[in-house]
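Here chain A shows up in two complexes: once beside chain B, once beside chain C.
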Partner chain A sequence: MKNFSYSKILSHTILILASLLFLVPVWVIFASSTHQPETILNNGLQFLLGDNFIATYKSVLFENSGYTKNITVLDMIGNSLILAFGFAIGKVVISSLAAYAIVYFRFRMGNFLFWLIFLTLLLPVEVRIVPSFEVLAKLNLLNSYTGLIVPLIASATGTFFFRQFYKSVPDELLEAAKIDGANSWQFFIDILVPLSKTMMIALFIVMFIVGWNQYLWPIMMTTEPEYSTILLGIKEIYQSNFEGSYLPEFNRAFAMIILALIAPVSVVVILQRWFIKGLVDSEK
Partner chain B sequence: MKKVQFENNFIPYLFILPQLSIVLIFFIWPSSMAIYYSFVLEDAFGISSQFVWLDNYKDIIFDSQYYSSVVFTIIFSALVSFFALSAGLFLAHKANGIIRSKGTYRTLLIWPYAIAPAIVGLMASFFFNSSHGDMYEFLNQIGWEFDPKSDPFDAQVMLVFIASWKQISVNFIFFLSGLQGIPKSVLEASLIDCKSSMKRFWTITFPLLAPTTFFLLITNITYSFFETFGLIDTTTRGAPMGETKTLAYKIYQDGFLGADIGGSSAQSVLLMIFVLLITVFQFKYIEKKVHY
Partner chain C sequence: MGYLNIKNVVKSYNKKDNIIKNINLSVEKGEFLVIIGPSGCGKSTLLRMIAGLEDINSGEIEIDNIVVNHISPSDRDIAMVFQNYALYPHMSVEKNLSYGLKNKKIKKDIIATKVKDIAQLLQIEELLARKPSELSGGQKQRVAMGRAIIREPKIFLFDEPLSNLDAKLRHQMRLEIRKLHDKLKITSVYVTHDQIEAMTLADKIVVVNKGKIEQIGTPDEIYNNPNTLFVSKFMGTPPMNIFTCKVEKNNILFFDNIIKIDKKIDEEEIYLGIRAEDILLDVNVNMIKLSINIDMIERLGSENLIYTMLDGYEFTVKTNAHIDRNKTSIDIYVDISKFYLFSKTDEKQIKNDGLILI
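This part shows the complex of A and B:
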């Protein structure tokens, strides 16, 4: 029994240390964001809170920043929200429809189209960046929300997610619905969608985070600052800190990092159960 | 597929049309362009182009920079997968053994999933910075002349560390849910047969986790190959001496920044073939060997 409690203490110690490994860096960034830029420049990162919290965050959120000085960080957060919501909603709607066609219909080319969609898993956007940029330019979609959101939906992860789920739905449901005279649209809307509500929310949460954290695609797609997401804003202020000639505004960069973390971290923590379900089930 | 299905020649196309059109326009079209460009030599202004067959591929194969990128990518993903998987499994095992406050630890360890790789990189660039970074000073104080700006090895170590840091939480989530899925009766039976908890873990628990581990291995490799892009772009950007470029980052640098469309497209095609091979391997070979 003594031995047992000893190993228990060891487990707790290890888990606490691991938690600190993740918490401390973010805390230091937050604490540093509440100091004057000169303090950080002269004394390095800070572990204790400073007294500049309200001033820094107020100016970061509401005053214009960026190269052209015509967008606030609040606008950038707005853009990130548009991207994350648009991407997540689009993904859930489009992939549940496509999976429905693949699982519930016998049609010519069905198999071929499935493999065509499957192919998208092979080549992430990082790898086809130049031609993708050209296609977007040809379609006149650079610097638009459509160009920011829609091409990202191409990947097949969501389609697989729903395909797996639909396959587990008992056949009797469709038989019964057919006897009752339901057509394919009615079966989808009245039976399948209510059944897959949990799955839809779970996938939505995972995709919200994926969308919020997009980095390379927005860099390429947006040359006008009004479409800048918060991640791009941080990159920009970081570059002017290390490469520019101004007094580095480290406190602003840190505040933006913290602001960029608030939305996705709260989603993961608050909606934890759904989130884990979405993540684990999408991979079975 | 379902035994009972709808028979209709028209409706299913309507359902699949939105996804299909996005795939055709934003995936198939640019990917075919990449394949076409890989056989073409364009002048610097993009005015004239010439079909050069496999010349772009030949250039890559004889390019020592490409080799060092291949070697770096393989070692990088092997190390990141190894560290992130072992740490994730270790922590999940510890958390699963605790009855009280398991939920708290779960929250404390899964939230880093929400941090974008680009933000991990930005944060790291402050901690490892030579003028005021705590990690930089710490490493130099313990006697390692750590300098990621000029020493490729130091930069590579730093990247492996922060890339693994970011990936631990995903592995933790999957391993924890895998561990929770193991039936209690199996564990109780093993408790009677074997006293050593280490041995129990390696002979009973670990084999039962094989499907999860296998899936995560693929996820971790894909992560190291592609998602670390933001992490590299905010820290080393391939420097020093081009020794920290993953294949995906090299494609971006050569194609988008260096305007070498042919060479970068040929690299894309090679990477595409590599991913295809991994996928086939995944489906045909390993899945059969993994014990379910």
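This part shows the complex of A and C:
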């Protein structure tokens, strides 16, 4: 063979092993989810597909579940999508605008304000969860999408990334745009946003997954089951599996896990192409 | 009163040192003005003040009889070509050209015709669909100029537009800029530190040093009649040779020679300058013979530059005579009618009606 080389074999072996490390558990969960609950309970996890795929997934997706039995998994996925999209889009919009203000409008204490924003990195949601809850309760925003999303969308990391990027954009571009008669808003929309598209997509991907995986805040915020997200749903079904007096439905739980994977995986798969394309023909 | 008037303009960034010190300047309609000076002399700041990208601390800038101090850059009717072109990287050449017009809310079909005309004028028609990253330096330069021309500005501002190009392209673009100006007759202000650009492009040159104007004049005046020591040293490659000479009454002592000047000089010492190219390798009347060691020869093809130290002064000779490679010293002749004299106190040129060698 012409291109035969040990390093090639070695690197491929490592890659294959790493992929297996990630894919095998997912496969086991998927395979197990297609079996009867009794099979899983008696024989443990399954490596081969069972014959219960359609029945399990149909019942999981379309039948009401949860303690109060008034929300389907499809609704939960919908809630998660709203949360994750709102969360990710909100973060991109807020942090790019904040960074734009900090970099391009030399207002008093701009730098100080930036570091203040940056310092909030030290204060994750968990630290401020009680006061945040209090504020939202007083605003009557508990059990609403607004309450679910808005308190989370300020992002110090995002602001920092955009700030660094905007600082690297040559001043002449701003000046050229000024001479070309663009106002601040036009400069942002026409010049900066297209230039930072790659960064926005990258931030969106990361933040979508972070948003999708939000657990603590939704569980605090939503006392009404119709606002519960897929993650809360999974948590709940496990809880009832162990606490309930009837047969634990591991097949349903596993099916929910598989369904919960679809959205973040598709976001990564679809957007990473744009992301890579942006990286390749990005220029400043 | 000119078309562009700069009156008593002062600029400082920290309220202590003025980077621009009380500049007065006027440019006629259709004139090509070149502002030249060493880096950090404030020439770019001055240009940016005309463009409206920098505030003016005091004084006034007038374009076409309108004071523009508080008018935004886009409403001043100016266009600017930047040193790094500052093309919008994500837009095609066509969009780059039309962006300014689009912001002015001009109709699409009018924009399209204008883009087409400009592209034809600058020979960039086949580049319209490309992104700036797919263009060469010279092409980017053309697009940057196109973006400026398309706005039909009252004044065209250039901020060292050729400094990112290689020597050959720079030469070519220089000629093109001048040709374009002759064709369009747009009043232009061009900032550079390159004296060849200044000499070849300008109708009028302004030499700026440390935020002050040293001299305003045509390229000829600046070169042949420098008002100050700074201008004499700054314009011309290699720079003019400068000596400090003792003076007694109206006799100047240059090495062992006494040169008589027709006016009385009150100083004990003055600066005496002679351009490298005014030094000859053969005798003539009114010439002083000097022997120099050859420290280094720069052979440029059409001419040779001889570098040496003469009595502690750096001394350069430019000649097109052939010089033997193994020669270590050479006799030269300086024509005293080519001497420039500068006051040692204020560094202004001491004008005279001719020097006589005694």
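By our rule, the second predicted complex is superposed on the first by the 253 of 284 C-alpha atoms of A that agree within 3 Å, B and C clash if a C-alpha of one lies under 4 Å from a C-alpha of the other, contacts with A are read in each partner's own complex, and residues count from 1 in each chain.
As a working rule, a residue touches a chain if its C-beta (ideal position, glycine included) is under 8 Å from a C-beta of that chain, and two chains touch if they have at least 3 such contacts.
From a predicted model like this one, the values you see are computed outputs, not experimental measurements.
Engineer: Identify whether chain B and chain C fit side by side or clash on chain A in the overlaid structures.
Structural biologist: Fit - chain B and chain C, as placed by superposing on chain A, sit side by side.
Engineer: Quick one: classify A:Lys178 as touching chain B (first), chain C (second), both or neither.
Structural biologist: both
Engineer: Contact-wise, after the overlay, does A:Ala31 reach chain B, chain C, both or neither (first, second, both, neither)?
Structural biologist: Neither partner.
Engineer: Return first, second, both or neither, reflecting whether A:Leu195 touches chain B, chain C, both chains, or no partner chain.
Structural biologist: In the superposition, A:Leu195 contacts chain C only.
Engineer: When the shared chain A is used to line up the two structures, what angle, as a multiple of 10 degrees, is there at the CA centre of chain A toward chain B and chain C?
Structural biologist: Given the fit on chain A C-alpha atoms, the answer is 90 degrees.
Engineer: For A:Leu61, is the partner it touches chain B (first), chain C (second), both, or none of the two (neither)?
Structural biologist: Neither partner.
Engineer: Would you sort A:Gln186 into first (chain B), second (chain C), both or neither based on which partner it touches?
Structural biologist: second
Engineer: Is A:Leu119 in contact with chain B, with chain C, with both, or with neither (first, second, both, neither)?
Structural biologist: In the superposed model, A:Leu119 contacts chain B only, not chain C.
Engineer: Return the chain, chain B or chain C, that is in touch with more residues of chain A.
Structural biologist: Counting contacted residues of chain A, the larger count belongs to B.
Engineer: Shortest C-alpha to C-alpha distance from chain B to chain C once the two structures are superposed, in angstrom?
Structural biologist: For chain B and chain C in the superposition, the minimum C-alpha gap reads 8 Å.
Engineer: Do chain B and chain C land on any of the same chain A residues, and which?
Structural biologist: 175, 178, 283
Engineer: Spell out the part of chain C that touches chain A in their complex, as residue ranges.
Structural biologist: Contact set of chain C toward chain A: 48, 51-53, 72-75, 78-80, 82-84, 86-91, 99-100, 103-104, 131-133, 147, 151.
Engineer: So in the complex, the part of chain B that touches chain A is made up of which residues?
Structural biologist: 1-9, 11-13, 15-16, 18-20, 22-23, 25-31, 33-34, 37, 87, 90-91, 94-95, 97-98, 105-119, 122-123, 125-127, 132-134, 137, 165, 168-170, 173-174, 177, 197, 215, 219, 226, 229-230, 233-234, 248, 251-252, 255-256, 261, 264-265, 268, 271-272, 275-276, 279
Engineer: Over in the complex, which chain A residues touch chain C? Could you list them?
Structural biologist: Checking each residue of chain A against chain C gives 170, 172-173, 175-182, 186, 190-191, 194-195, 197, 281, 283-284.
Engineer: Tell me, which parts of chain A touch chain B in their complex?
Structural biologist: 7-8, 11-12, 14-15, 18-19, 21-23, 25-26, 28-29, 40-41, 43-45, 93-95, 97-98, 100-108, 110, 113, 116-117, 119-124, 126-135, 139, 150-151, 153-154, 156, 159, 167, 171, 174-175, 178, 184-185, 188, 209, 212-213, 215-216, 220, 231, 234-235, 238, 242, 250, 253-254, 257, 260-261, 264-265, 267-269, 272, 275-276, 279-280, 283
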